[in-house]
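As written, the chains take the letters A, B, C, D and E, and residue 1 is the first residue of each chain.
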Amino acid sequence: MTLTVKDLTISRGGIPVLEGLNFSLEPGHALILRGPNGVGKTTLLRTVAGLQPPVEGEVQAAPESFAYAAHSDGLKATLSVSENLHFWADVFGTKGIQQALDGFDLNGLVDRPAGALSAGQKRRLGLARLLVTGRPVWILDEPTVSLDVASVELFANAVRAHLAEGGSALIATHIDLGLDAEVLDVGPFRAKPKSGTGGFDGLDESFL
Amino acid sequence: MNMNALWEYANPVKFSRTVSLVLPWVSVLALVSLVGGLIWGFFFTPDDFRQGSTVKIIFIHVPSAMMAISAWFMMLVTSLIWLIRRHHVSALAAKAAAPIGIVMTLIALATGAIWGQPMWGTWWAWDPRLTSFLILFLFYLGYVALWEAIDNPDTAADLTSVLCIVGSVFAFLSRYAVNFWNQGLHQGASLSLDKEENVADVFSTPLYVCIAGFILLFVALVFLRTRTEIHKRRTKALLARERLG
Amino acid sequence: MISLLIRDLRLAMRAGGGFGLGLSFFLIVTVLVPFGVGPESALLAKIAPGILWLGALLACLLSLDRIFALDWEDGSLDLLATSPLPMEGVVTVKALAHWLTTGLPLCLASPVFGLLLSLPEQGYKWLIVSLVLGTPALSVIGTFGAALTVGLKRGGLLLSLLVLPLYVPTLIFGAEVARRGAEGLTTTTPVLMLAGISAGTIALLPFASALVLRVNLR
Amino acid sequence: MISLLIRDLRLAMRAGGGFGLGLSFFLIVTVLVPFGVGPESALLAKIAPGILWLGALLACLLSLDRIFALDWEDGSLDLLATSPLPMEGVVTVKALAHWLTTGLPLCLASPVFGLLLSLPEQGYKWLIVSLVLGTPALSVIGTFGAALTVGLKRGGLLLSLLVLPLYVPTLIFGAEVARRGAEGLTTTTPVLMLAGISAGTIALLPFASALVLRVNLR
Amino acid sequence: MTLTVKDLTISRGGIPVLEGLNFSLEPGHALILRGPNGVGKTTLLRTVAGLQPPVEGEVQAAPESFAYAAHSDGLKATLSVSENLHFWADVFGTKGIQQALDGFDLNGLVDRPAGALSAGQKRRLGLARLLVTGRPVWILDEPTVSLDVASVELFANAVRAHLAEGGSALIATHIDLGLDAEVLDVGPFRAKPKSGTGGFDGLDESFL
């Protein structure tokens, strides 16, 4: 379940944002992505998760190995906490949401509609979804937004447990999670305008 | 009784106690007059020479139609009380009355349709009275649906009250508009009854008893359902409290 | 206030849901009616004023839930409520923007659609008059319904259910004006009634809308 | 797959936009038609099959944009796309859920609305047959349109414009079946055509929908 | 422009969440609200901003003195950055958005539609709105969500400048902003069930 990224160039809205990315993620390891706002972390994670195709280079991994958690949590406001989790457990064919509820301290909220949760509670529910996917590679986009210190610790524990079981995690974040993980600063990989765009001649298939 | 004494019944506890005292009596009275009036009407009145035995539908049709309209009026009044004096019981009484109003409207529509088949040769016609009843039915549906859709009871009470008031104005407008739009059949039908003065007399006494029965039934049901709503409200508040720890 | 109007119109133009949506829905209805009912022009002419009014009403109804829902979802409505604009003003501007993006284009385009349904010649004038008088009421009433249901579960369903009976008087008088106009009869009474309904709703309903909107923001 | 269906149905029931919405829209159309066209039952009976079909079509159209838009906005669609469910399955389930919440209730409720519009007695059977055969096609075609426009600006407007022409054949044959049925004529050819359209779209369109959905998620 | 909160009890979804709150906020000062997820910070801020009525107690301040920034930014995806800001400047009757653009480093993005911003850029734009309101009391709900370190510093500078001009700020946050401000932990003010709920007799108008 090793994830390998080779010579990756990614684009958003038709414009390349990061280029020449190379890294690999072994089972049991986590990789933290850092970089200023707008550098392209979200775009990178979406590309790795297979939601958008890379411009160049490739992502090597079994496509069915990712669990992706984005800026938004994909919760249904009118479904209760347990209904939301059960749905994803069914979709991913795993059984039992109890572990996920325990892991993110949601037991007191099981019957609450997701729309009546506070911002941090929503996020906890969104993260609990990861535990019911049963997927080995977690791809997380700023997972700790809105979480208080205790919840961040819950999350870090969940990641540690996941790594201990042989999973891996690719995490974009701005804060320190207290995880023992490698850090990749994507800032230096910012896509530079190509040099050879002197005239109309330089126009290639990507119009750049 | 002075005004303040009356407002005391706006206290949920006081209201519930009073209801517990009064409810059995009202229920028994409602039962007696309903059963009495209907038996009288169905078995001890002659068949109308024109309408045959179908005329007996009148003993359900007319009282239910009257109650359907009165229930809305009651909701209008209690909604105003809630908006002005903010007594929870008032709002809950409006909430409790609406489903009863729906059922009454449905009964009136159904009996009217059943009556219309032999009388006008059609189940439904776009007669002003029938049409405005259909519109009233929609108002009721919207009102109940709005209550159902809101979790916070105070918000729900506020919104439904405003809807009830605005709705009443538009219901009134529709009634006029519908008259303007179509002259209709219904009026004629009721006139044909009035022509036979003596026949009408035979029918009118049991009809009044039935109407009284429907009114009492309505009062009993509103009391009962308001009390239930109060209990539900309290249970919900306590449960939520508990969950909060 | 003006800036809110400009913003809403701009949003309607950029994001869709405005201008085009109402018109295209109107178009859909009028184009599909002959497919459903059959192409005899005598029959079509007879039902044309009613169908056109119905189409206008449905087109209005369709775009109602966008009046507040989008602003509610992205939090703008909270921010507007804490801004110096009075809530009554916000509601009125929203209704006005809705009318400008839905009602007005319908009024302007209605002759074309009348043609599609073989509306008799003398009917055009009265069709336009009735739409110009009636559609503002539709927008204002719809804004009230949208304010009632903003942020509620079952919002869309509720909205149509709540607004439908409120639309009945306007529809009756509006269609009556158009029909009498098409048949060459006098239209004074329904025109007066229609104008009265519009004036009354425009004058009074914004207060109710502002009230329920404030309640819903709690 | 089943769980997605159950979730969608549950959401439709809880959040509105499903069951009720289509039905209430259908109700609106049929109740308002007499206000527009006038109360004469002979005229109503004549246009009833067409209007009922039109109402069904509009009711379907109205709820189309909810098929994917809500899941798109809250990010569920991204998560579904990275889940083990095949996209074709997701699309089919969405279409099925749409039909169950819109088409099926319409089929069941159509006799009542037929009554309101004085549909002739022999017409009921064929009205129901035509709706049962035709509404699945409406849902599948609509799902394709919704997949095409998910996440686009001007989605709503585009959706109706794209889907409208695709709906025309179904409407023509559906209304034809209902009208011939009401007039007591033979209905074999349009019934066969209608069934053919439904079968064809159900078999083929989901692949196209899945494809465009994947493209739109990029 | 002093904001005074007296004996405040607030509720969410009909249930009291915090009670007995007392604090005041002088011009030139900032107050940081802390507390675990779900304790009621958002609810408190909404009540102070006048969006929902208090259950008991009162909020004393001129109602037209607040600028509120919530969890969501109220941005229109199809409007450009400058159109978004200009709109709010017009609504609040202030002139010029240049200062706001400078303050949050948005000059490079003025013509970008807000929908094509990254999460952090969106947040910066949402915060820039505060500068165009011209209101003295800022009420901010987790303002630094999604922001990178540099942007958090931009934000802290903006708050400092605001305080220096005699404004004040009430901020709910889980992270350390590096501001020199008082901190109020709302945890101890959690609403406790009333003692006298022995039987049905205890029922009052609020059904508790």
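Points worth noting:
Just so it is clear, a residue touches a chain if its C-beta (ideal position, glycine included) is under 8 Å from a C-beta of that chain, and two chains touch if they have at least 3 such contacts.
Remember, predicted model here, so these are calculated numbers, not experimental data.
Among the inter-chain contacts, the highest number of C-beta pairs connects C-D. Seen from the C-alpha centroid of chain A, the farthest chain centroid is that of B.
Rounded to whole angstrom, the centroid-to-centroid distance between chain B and chain C, based on C-alpha atoms, equals 32 Å.
Measuring from the averaged C-alpha position of chain A to that of chain E gives a distance of 29 Å. Between the CA-based centres of chain B and chain E the separation comes to 48 Å, rounded to the whole angstrom. Separating the centre of chain C from that of chain E, both taken as means of CA atoms, is a distance of 37 Å. Within chain B, the positions touching two or more other chains are listed as 138, 149, 151-152, 181. Taken residue by residue, chain A touches two or more other chains at 71, 77-78, 116, whereas all remaining positions touch fewer. In chain D, the residues that reach two or more other chains under the touch definition are 14-16, 31, 35, 38, 153.
Against chain C, the residues of chain E that register as touching in their complex are 46, 49-53, 64, 66-79, 83, 86-88, 90-93, 129, 133.
Across the complex, chain E is touched by residues 11-13, 16, 87-88, 151-154, 230, 233-234, 236-238, 240-242, 244 of chain B.
The residues of chain C lying in touch with chain E in their complex are 2-4, 7, 10-11, 14-15, 71, 73-76, 78-85, 217-218. Of all residues in chain C, only 14-17, 20-21, 24-25, 28-29, 31-33, 35-38, 43, 46-47, 49-51, 53-54, 57-58, 61-62, 73, 153-158, 160-161, 164, 167-168, 171-172, 175, 179 touch chain D in the complex they form. Contact residues on chain D toward chain B in their complex (touch as defined above): 16, 31, 34-35, 38-39, 41, 44, 115-116, 118.
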